[in-house]
Structures are given as C-alpha cells and as structure tokens.
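What follows is a pair of complexes built around subunit A, which joins subunit B in one and subunit C in the other.
After this line comes the complex of A and B, so read on.
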C-alpha cells in the first residue's frame, strides 16, 4: 500500500501520548465521520532500518488483530485505513467512557455496584470471546475497556451499553492458557486497585468469563497459579 | 560517619571507603577494584572467581585504608554485598566482612547490590527521582522509587504486592525475562573469541563502532519486560556462519559481506533499542523525565547516546556515570550501607548471610521520603 496524502485540513487533536504512540481524534474521509488516529512516530534513537521494521510490524499486527476480532463479532473498533509505512491506523471513534471512569463514578455512590452488575457480565463475555478466538490483549486494564455511549444516556443505563475492547498494541495471537490467564490477572489487578468494592465486581466478570467458552475453566485454573507467583520471577544474580 | 564497603558479587572485587557529612555530598576516600579476567572464549566460573577474591581481599583492604589515611577506629560500619550475585564469590566476601566486624568490633550492614548501584548513581549525578535502568552482566531492570505522588496503584504490573511500606521501596517496572543484557553481550564476545580484558562488553563496543551494516535480529519486548536469549541464539548462529563460511557466506540483503564488526553493531543496536523502549514506557507510566543508567553496561556510550535521544524527545535528560561507579565497586556498597546504617539498620553477625536471589523491591528504603 503506498502512502496517500491525508488532507492537511483535517483537524487532528492529540488526546493521548503514550510511550509508543500518539493518539488523535480526527475525521475519516468526510468531516462528519469521527475517527481515531493512532500514530507511531519514528524514534530517533533507533537505527532507521530497525525503526521502519518495528513500526511496520506493529502497525500491521495491531490492525490484523482488530480485523480478526471484528470479523468474529467481538466488539473492537473497526479499522478504516492503515498506512504502515507512516505508522498510522485510522479506526472507528468509540464515544463513551472507559470502564475505569465508570467504576470511579459509580462506586463513589452508595449501592452503586448494582448498576454495573450487568456491565461486568458483558466484560466477562467479551474477554471470553476474545480468548476463545485465541487473541490475547496484552494490556487488559479497565482503561482499555470502553463502554459505548447510547445517545447520551447516563450511568443508570450502563448495563445496557455495549462494551468495547480497545488498544491492541501489545496484543498477540496465542493458544496458551498462560497468556490468557495473565490477561485476566492484569485485569484483576486493575479492578482491585481501583476500589475495594471492585473486587466483588471482578468475581462477576470471572463467572461470566467461565461460561463464555470451552477452554475458560482451564484458563481460570491457570489464573490461580499466576496469582500465587505474580508475573515476576525471583531474581537471579 | 565513615563506612567500609566490600563488593564481590561477580568477577570484580571492590573495596571502598566513604564519608557522609550531614548536608554535604558524600566524600569518596578510596575506591579500588581488582578484576578477575578469564581467558578469551571463557566466562568466569564461581570457584575461580571466589578464589581470586580470597587472594586479593586483604591486600585491597590494606591498600584502601592506607591510601585514604583512615584509621580503623574512625570506621563506623562495615558494609558488604548480601546479594544478588554468584554464590561462592559472595560467600568469600561475606566471610571477610564478618571477620573484620568481629576483629575490629564494628557493626555489619548487609547491602542489596542493585540498591547500591542506584544510590551511588543518584549521589554522583545528582538525579533526584529518576527512572533507573540497571543493566549489567547479571541484571536488567527498569526501576522507579514508589512515592505517593505517583499513582502506582493503577499500574497492574506491580500492584500485586502492595504493602503499607509501598512508599519506601524501589519498584521493578520491567525486567529481562531470561538472561541479562550484559550476559547476552558477554556470551557473544565468547562466541567471537574477543578478549575479556578489560571487559567483553567494552571490546564489543569498540568493534561496534566500526560496524555499519544492520542485520536483522529478533526484537523481543513484551510490555515493560524484554528477553535476550533469542537474540543471542540468532546472532550466535550468524557468527558461526560468518566464521565458517558455511553453508554459504553471510551476506546483507544488499549482497555485502557481513563482518564481525557488523554483528557487534547489530547486536548493540537491537538490544539497546529494546532497553530504551522499556525505559521510555516506564517513564510514560510514572510521568518522570529523568533517567539514570547504572550497572556495567551503563558505561556503554552508544547506550547513553540512545537514551539521551529518547529522553530529550520527552523533554528530559539522561544521567550516567563513568566506569568508576558504573562497574561494580566497593564504594557503592559503602554508600548504600551507610545510608541504611544512618537510619539505624544493622545486620547482626548471626544474620549476616548472603543470597544469590535478592530482589531490588525487597529492600525497605527508609532513607528516602
């Protein structure tokens, strides 16, 4: 695919600067189609050959995962356009808030857990569907799970809103229970460190995950193991 | 207060004397080192290294006291490396520390080797609260001090062992999942039969300066962790092909012959890019602009240059030290030990063991707020 010139008039607004990528909100093709642009800029410190290789590889790998997930009906942003030589992916703009934001708001209120019960079931099912397709996310935190806005409806309706997985920058295809268990472990840590009440909510996630695909039980057994050792090894010399 | 530091966790035996005066920079009274150099193509074995330490330690301690002009009675404590490191060399030095402690009637302080590197780096460079990249023959870690102002609770990688003392520990953000980066470089030096004098990594660095073709090697970064054994396996295979010319001469995609220098260059460019990437990710997580490189591989000027390019891109800067402090030394053990001693920490003789496994995040860092 050769580089195309993006209309310089298209406004780009930087919304997030990670270590690897810059994320912009912009539009795609038409000014009224909102889009998210993920750009992996070239790194000065890297040898140009290595830099080009990594940028291209990561761009394509992320896009492939998104496309694979979407073709299986797993809710992830649609990929609009990829320019791997420039390190750019245009994808669907998900308007909504992250699960972390929702939890922060909801759990601050008395009895707020009830409201997000259904949301937890959805999270478990979506992660299960992803793992059933042998895709691991690699950075499955509550910030990387979005809840779509349904026409401005507020928190009360959050159980009815679609849950979408985002940011597959560290994702991979894997059939190993270990990798899937680590996904769950990372998600669990994200839950328990958000709020004490969130710990119970995560049990709902796991229950729903368990029923979502055939291999789920094996992954949950593996999760027990991952929990006891953490992700870290004991340090040798 | 004055501390004597004894370091011998790997092939360097280091003796240092340091003086701390309140509200003044630490004063280095003596910092001497003797290195066990193995023949080209060989690594240093624990028993030979321990034997080297045993035969040199008395001479070095005497020389250190002599050149500093410090009397034994002025020394406040004796600091030794408790771990991590190679068992036999660690034990040899711990015995010396215990003996001196009983002989002179001075308290003992067991020091974590990695914390020694970090504290010395901070003291020398003046970097206040940096993200630390600790890279040596035995260790590869990205570390930051966990202060309350960082919202570390949301970083799942290490929130699994939250304790009330969270705020007084160095946290490991990322690390090598298999061999250390320095081990990867050292072993490649063995493959090419490069001299281990003064250090295999140094000789690789010099050769890399003459290399210009980049060959494709695996690049293994996983989040903030990385892996080096696959890179080593591939570059070793390439070296074998280069040296034997079989099954066919090693050529670049453009048809140029690949040289030993090219392999050194490619290996450095690849593994250092991995290190800089995981460091950058940690900096983005904690919102820090300072980065400090410590450990033997930290002497490498290309690594320092690459880290500088990354840090400047983020509006920050890189701090590094030279070989006197980067490479294992006694002064860093004396310094970190004295910091702990000043908070009231001592290691009773009956607990003055050493250990091959001793994680950086196990140490309670009472001297920082």
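After this line comes the complex of A and C, so read on.
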C-alpha cells in the first residue's frame, strides 16, 4: 500500500527508542489531550512486503491485547487510534513514573520498604488479573509497570496510586502455565538485579498474585521449575 | 457560524464544522441530491451527521481523523469519498448502511452537524467563507447556522442512545470508569469501539 507523507511539523517529542518502536509524547486531536504515539518505522533491511506485513501484524496484536485487557478491567493505557499500515498506535498518556523509578527512589532511603509494600500487593493483583484473562505480557519488567500520578503527595502516597501495565509489544494470549511462570520469572529477575533490597518485596508480589486467581498456585509451582533452568525451555528430549 | 479545526498528525488540511439546529427538510433534500449525484464536483461533498449521537468535539474529530487517515493510504477508504468515510468511521464496524442509519441524517433528525474537509489541492481545497456561503445558499436566509462545540454537544446529545449504539454497558468496570487526561471515561470507551473494527 502506498501512502502519503504526514506533515512533519506536528509537535512530538521522542521519549524512548526501542529495537522496534519509537515512542513519542504528543497530543491527539485537540491540544488538551496528551497522548503517547508508538511508531514502528519500516526496517530498510527487510523486504518491503514482509516489512509491511510484520509491522501491521505487531501493531494490531499489541492494540488487540490492550483493548482486550482494558475491557476486562485490567489497568492498561486506552487505545485512541490505530493506523496499522503506518505502524502507529495513539494511546492514553499515563502521567506517573515506572515502578523501577519509584523503587530506586524509595529504597535509597532508610525503611523505604514499608512505603512500597502496598504497591507490591497491587502489582501482584494486577499481574494476576492479566494472567487470569490468559494474557501474558512477554516483557514484564519493573520499567514496564507504571504508577499513576494521583497529584499531591509524592512518595508517601505511592502505595495508594493506581498501577498500570504498559508495552504489550511482546504480549500474547496463552493459557499455558509455562508462559505465565516465565512472566513472573522475568519480573523476579528485574527486581533482584536492579534492587538488592527488593528481594523481599517480590515475595509480597507473589503472595498477592497467589490470591488473585484460581490457577495461580499452578503457575507458582511452575515458577520453581523455571527458576532452576532459566527462561528458555530445555531442548533435550 | 462555522468553526475551523486543524488536527495534528495529518498533512495540511482544514476542517469546517457547522451546526444547523433546525434544518428544513426541503433544504436537506437539496443537500442530499447534490451529495448523491454522480456528476457533482468535490466542492459539493459534505458530511451530514445527527448531532444527537455525537458526544463531543473529541468524538467528532476522532471520526474525521480516522477518515482522513484512510484517505491517505491508497485502497483503504471503503466509501465514496472522505466525507462519507466520516460517517462510516463513526460506526465502528464494517456495516456502512448501519452507520448511515445511526449517524447520518434521517427524517427525524433535529440537530444536524455539517462537516467539510479541505485537503490536498485544487477543487479538494476550500476556504471557510465558501463553506458558509454554500450552506447559506441551500438553507436560505432564514436558516440558522450555529458554531458547534462541547457546549452544543452537551445540550443536544442523547447519551443513552450513544451507549446503546456502541454497546457500552452501564456497569463499566473499575478502570473503564477512570477519566484519561483531557478526555472523559465515556469518550475513551467510544474511541475504543471505533478502533474495534480495525483491530478486530
């Protein structure tokens, strides 16, 4: 499909660049609606037909997961608009900071663990809700979980602010305990590798996760197995 | 009165929106004839919407945005022109006829929103004055033209009907009830339904 160039004058600010997508902070429709624009630019090293197909597929699968999750009441950004042929998704702008940033800030202080305790419970519940809906995130790290700014008290209130899951670029629908366990394993690694003090906090996440849905116990049993061998399945047998 | 909008993330364009609180059926027939005639030039292309099913300016502009985006990719537009595409995009599914029945103007419509999209060059481009004159020519001297905005939207919208059309249940879950920045919870849901067709 050929398409016409979009006016490059539109104000947008690059805030993050991944292997696949560029993320901009911008506005949607009217100046008072802040939005996030996720753009997957075409890769020149790929054959154009294949490139268009991959971009379209990834764009649609990500928006599909976001819409599905939101309709089930799981806190994820709302999708405003999808242009799959250009590889663009406009979504809700979440004002807040990532769990990683919050932990970095809080754990630097004495006794900071108590403050984020409530937050850990929420993270566990949200991940549980996601898995209960048979959606796996695929890249569940502390950077991909955000805490909404409720305006007002900064650190003390971080336990009461809403937790939002972002970046479903690697997400998928799966009923398998294995996939869900890998999600938790990735999150555990993210916790322990960046915050030595956070190991105990992750236990709170698991505890809250365990109570969030029926299949959680089976997933946690599977997590034990994943821990001993790592994220990749054994290729023997 | 015609309001002009320009939406970010689109090539140069102008969107003219006018509210006609009491469109006479004779005037509408004239519009309809010009719209459906195969010989009419692009300058007489307009979109006519039933204001009672439009939540807000945001809702309206979202449809326009989607329609123009479809226009820009060859082969993506499903209807006759970018104006008819606006009505189709409001529908949120693949049913063009249904979209027209719900969001287009019918015998019962009291409040009408007229949209003119100026884009590209030549006869696809037009200025605000031309749009005003064009509408005035059809509705006559006594016809009322009003600026459309969120104030008007709140006055004429039938929220229950909008919810029914977009299949939005009354008991929204917790997250769905939360307003996003600059956009209400209901608008967020409606926008979600409008991309539903694309995403499937």
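By our rule, the second predicted complex is superposed on the first by the 220 of 237 C-alpha atoms of A that agree within 3 Å, B and C clash if a C-alpha of one lies under 4 Å from a C-alpha of the other, contacts with A are read in each partner's own complex, and residues count from 1 in each chain.
Simple rule for what comes next: contacts are C-beta pairs under 8 Å (C-beta built on N, C-alpha and C of every residue); 3 or more make two chains touch, one makes a residue touch a chain.
Predicted, not measured: the structure shown is a model, and the values here were computed from it.
In the overlay built on the shared chain, the residue A:128 is in contact with neither subunit B nor subunit C.
By the touch criterion stated above, A:46 is placed in contact with subunit B alone, subunit C being left untouched. After overlaying the two complexes on the shared chain, residue contacts for A:82 are found with subunit C alone; subunit B is out of touch.
Once the two complexes are laid over each other on the shared chain, residue contacts for A:141 go to subunit B alone; subunit C is not touched.
In the superposition on chain A, A:186 contacts subunit B only, with no contact to subunit C.
Shared contact residues of subunit A, touching subunit B in one structure and subunit C in the other, are absent. Against subunit A, the residues of subunit C that register as touching in their complex are 7-12, 57-58, 61-62, 65-66, 69, 72-76, 173-176, 178, 180-183, 188, 191-192, 195-196, 198-200. Those residues of subunit A that touch subunit C in the shared complex are 1-7, 10-11, 26-30, 32-34, 37, 60, 63-64, 67, 70-76, 78-86, 90, 92-93, 95, 162.
Listing the residues of subunit B that touch subunit A in their complex gives 9-10, 84-86, 138-139, 153-154, 156-162, 172, 175, 177, 214, 216, 219, 222-223, 269-270, 273, 276-277, 280-281, 283-285, 305-307, 309-310, 313, 356-360. Every residue of subunit A that touches subunit B in the complex is listed here, in rising order: 17-20, 43-47, 49-50, 53-54, 100, 138-139, 141, 143, 170, 185-187, 189-190, 192-194, 227, 230-237.
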